[in-house]
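Every chain is named by a letter (A, B and C) in the order it is written, and numbering of its residues begins at 1.
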């Protein structure tokens, strides 16, 4: 018995330390966002008079617009991905359309290093005179979000029994109607998770954003990087900007954790 | 009206043929059961009739119309799957009413009809529940309700009772039969359970390896199986099959034991005897030994060994008084109750018991 | 129904890929005025003999090995502990998984300042126990970046490993316990082998992702000190964006792709097998 309680205590202590390790930097950033430049010079300051000076600064500097642009790009990317992806995932899962080659392509597109695709996007953007706008960025984000969403959904369509679709066809519906009315509703939870995850991936991207839209239409992560200096005065604003980027996504992440594993592994593992 | 006709229907995948040149007619209002071991092609045949499986050759007609290449929705059929395939995201009422959404029937009228059907199946009080809140038997009835609402020409059942426990299976069986009789819709039912086939069908189609082994009423198939396969497949406990030689009205098996069997046929044969036709006579010098007795209430199953040949007999419980494990018995039978099969083809040899001479 | 996917992917991935390949065969530079001149495999030759590129590959490899190893071990320990946890399960898991959803640049910048010797909390705390450590200085920088990776991505491993642990059948372990086996034995001989499929998938996925590291470098060391933290993606970025040599940069990207492709194939096979 006592070795069990010892193990239990050790486990508890271990998890608490892990939790502390996770929360420490986040708490520090949150505190920093409310500190004045003078207060920031002292790293030991925990109890202090909070100030909103950083927050008003970042709002004035256009952080909300940057966030808006990020949301816009992510939103469009995810919308297209959801529509195209669910149709594709359905036929791939049910009819094995496209064979292994397609599935491999989808996997490869997800894990492809962005360095490979970014230069053509940049060049084409210049050529078409859309550089530093959001258009090439949407395409760039589609290049990895669409495969991720499709891959996710293949896993979820795999767990819908084939007989549901067959029943609907016997009951009088075309294959497409059967898909729309019967099969698709079964994956709504998975679709939700895929959409949130895809949104997060797009929202978090900095590499494409930095290269394709560095200034005029900078998206949020790029804007945050813009606060990157050694001067303490920017540290507070940077912290505020970071929170603007981080808080919505972390909250959204709470809703999708149950389905995340099934999606990432393409259905190989369920949680 | 719902006649179904299969002409030379075949299903192959590359070099493998799953269903071979099937010719079968289903009269209007009949309840036909396709039965056979797994892999015999019965489900594939059903799915071809439904249109879920493409046909490699031959034609399928429903009410005289060629439906071979039609989509399932154009065939005017209804199907109940093994796992009932109830739509998890819809309520019971919506499930039953669902097929009518593909028609022009207005929503309200459809719901009303669905409610009537639900009531008739004893589900009236469950209409707002979701499938996962129902018991297995209730789910089954929802599936049936959904099949009924379209008033199809043919009902197709793909092993719908396999997921139920034994007792429920028996109850639901009779319910199903009652519904079919009431509605009079032609039904084609697939199962691997021969007992189910026997009790439900007015016509049985025993299938094996993609071909029909025998077609007939349950009593025909039971009392006159056309070959060894059907003979051993139908009936529980299985029919005893004794390989041996029939010559001069004497049947001799390998171990040397012989019985008188007046019959004109001569040559190597299989003699089939249903357990209830295998008679045991307690005899201290008997040639068989009782190995096991299983009491089943009014009857008992007795397993014996006749010089190494395993036999099964079914006796009335009353006879058990004189039988016990380890006791010796003599095995005998009435010649009229034997089933004779050719030793090579395993086909039935017509029984002609010779008149006793003299 | 597959067509839209193919169409969109064609535009979003296929075309750029093809164009990137074309670029890699030219001496295109963003600053030049005329059309790109075709130089065939010169870029590839140049890149393959470019010491900077090989150094970057080596740096990235070291980074990936350190980070992923630590993440796997730590992730496994956390997953095992979470599995047995009884109180406040969901909230603990949610909180522990949070880091992987944060935009990496934010993580990089946060740690840059957390580790800053004047403004950061960590050097301050270490000072309190008498330790002085130059996190981003010579010899330490790559390790520090790897540790940042560990902070952010261990939750990913935890997520996958936890799912793996919860999906392996319990009977073999119960049977072993009845037979008197100790916890460590059960883990080594039963749990771990059953975990191998998901473990290998997790390691491959994480490694493929880790070698794309860019944001941490951009946020902290910009490749320094010297070229110590010049990872492949950062090196390619510099060649293409800071020096504008797009053709050359493209060839480097394709060399990277060639290295990565076998890993993707292995991952693909493993995922199929896990199903």
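The definition used in the following text is that contacts are C-beta pairs under 8 Å (C-beta built on N, C-alpha and C of every residue); 3 or more make two chains touch, one makes a residue touch a chain.
It should be emphasised that the depicted structure is a prediction, and the values quoted were computed from it without experimental measurement.
K.L.:
Take each protein chain as a node, join two nodes whenever their chains touch, and name the resulting shape: line, ring, star, complete or other.
P.N.:
line
K.L.:
For chain C, which other chain has the most distant CA centre?
P.N.:
The chain lying farthest from chain C is B.
K.L.:
Closest chain to the protein CA centroid?
P.N.:
Of all chains shown, the one whose C-alpha centroid lies nearest the global centroid is A.
K.L.:
From the C-alpha centre of chain B to that of chain C, how far is it in Å?
P.N.:
Comparing mean C-alpha positions, chain C is 59 Å from chain B.
K.L.:
If you average the CA atoms of chain A and of chain C, how far apart do the two points sit, in angstrom?
P.N.:
Once rounded, the distance between the two centres reads 16 Å.
K.L.:
Cα centroid separation between chain A and chain B, in whole Å?
P.N.:
Chain A and chain B have C-alpha centres separated by 56 Å.
K.L.:
Which positions in chain C touch two or more other chains at once?
P.N.:
In chain C, no residue touches two or more other chains.
K.L.:
Along chain A, where are the residues that touch chain C in the complex?
P.N.:
8, 11, 14-15, 18-19, 21-26, 28-29, 32, 40-41, 43-44, 80, 83-85, 87-88, 90-92, 97-98, 102-105, 107-109, 111-124, 126, 139-140, 142-143, 146-147, 150, 158, 176, 200, 203-207, 210-211, 220-221, 224-225, 227-228, 232, 235, 238-239, 242, 245-246, 249-250, 252-254, 257, 260-261, 264-271
K.L.:
Could you pull out which chain A residues touch chain B in their complex?
P.N.:
Residues 161, 163-164, 166-174, 177, 181-182, 185-186, 188 of chain A touch chain B in their complex.
K.L.:
Going by the contact rule at the top, pick out the chain B residues touching chain A in the complex.
P.N.:
Against chain A, chain B makes touches at 50-52, 71-73, 77-79, 81-83, 85, 87-89, 98-99, 101-103, 146, 150, 156.
K.L.:
Using the touch definition up top, name the residues of chain C that touch chain A in the complex.
P.N.:
1-2, 4-5, 8-9, 11-13, 15-17, 19-20, 23, 28, 30, 77-78, 81-82, 84-85, 92-99, 101-107, 109-114, 118-121, 123-124, 151, 155, 159-160, 162-164, 166-167, 197-198, 201, 205, 208-209, 211-212, 214-215, 218-219, 232-233, 236-237, 240-241, 246, 249-250, 252-254, 256-257, 260-261, 264-265, 267-268, 271, 274-275
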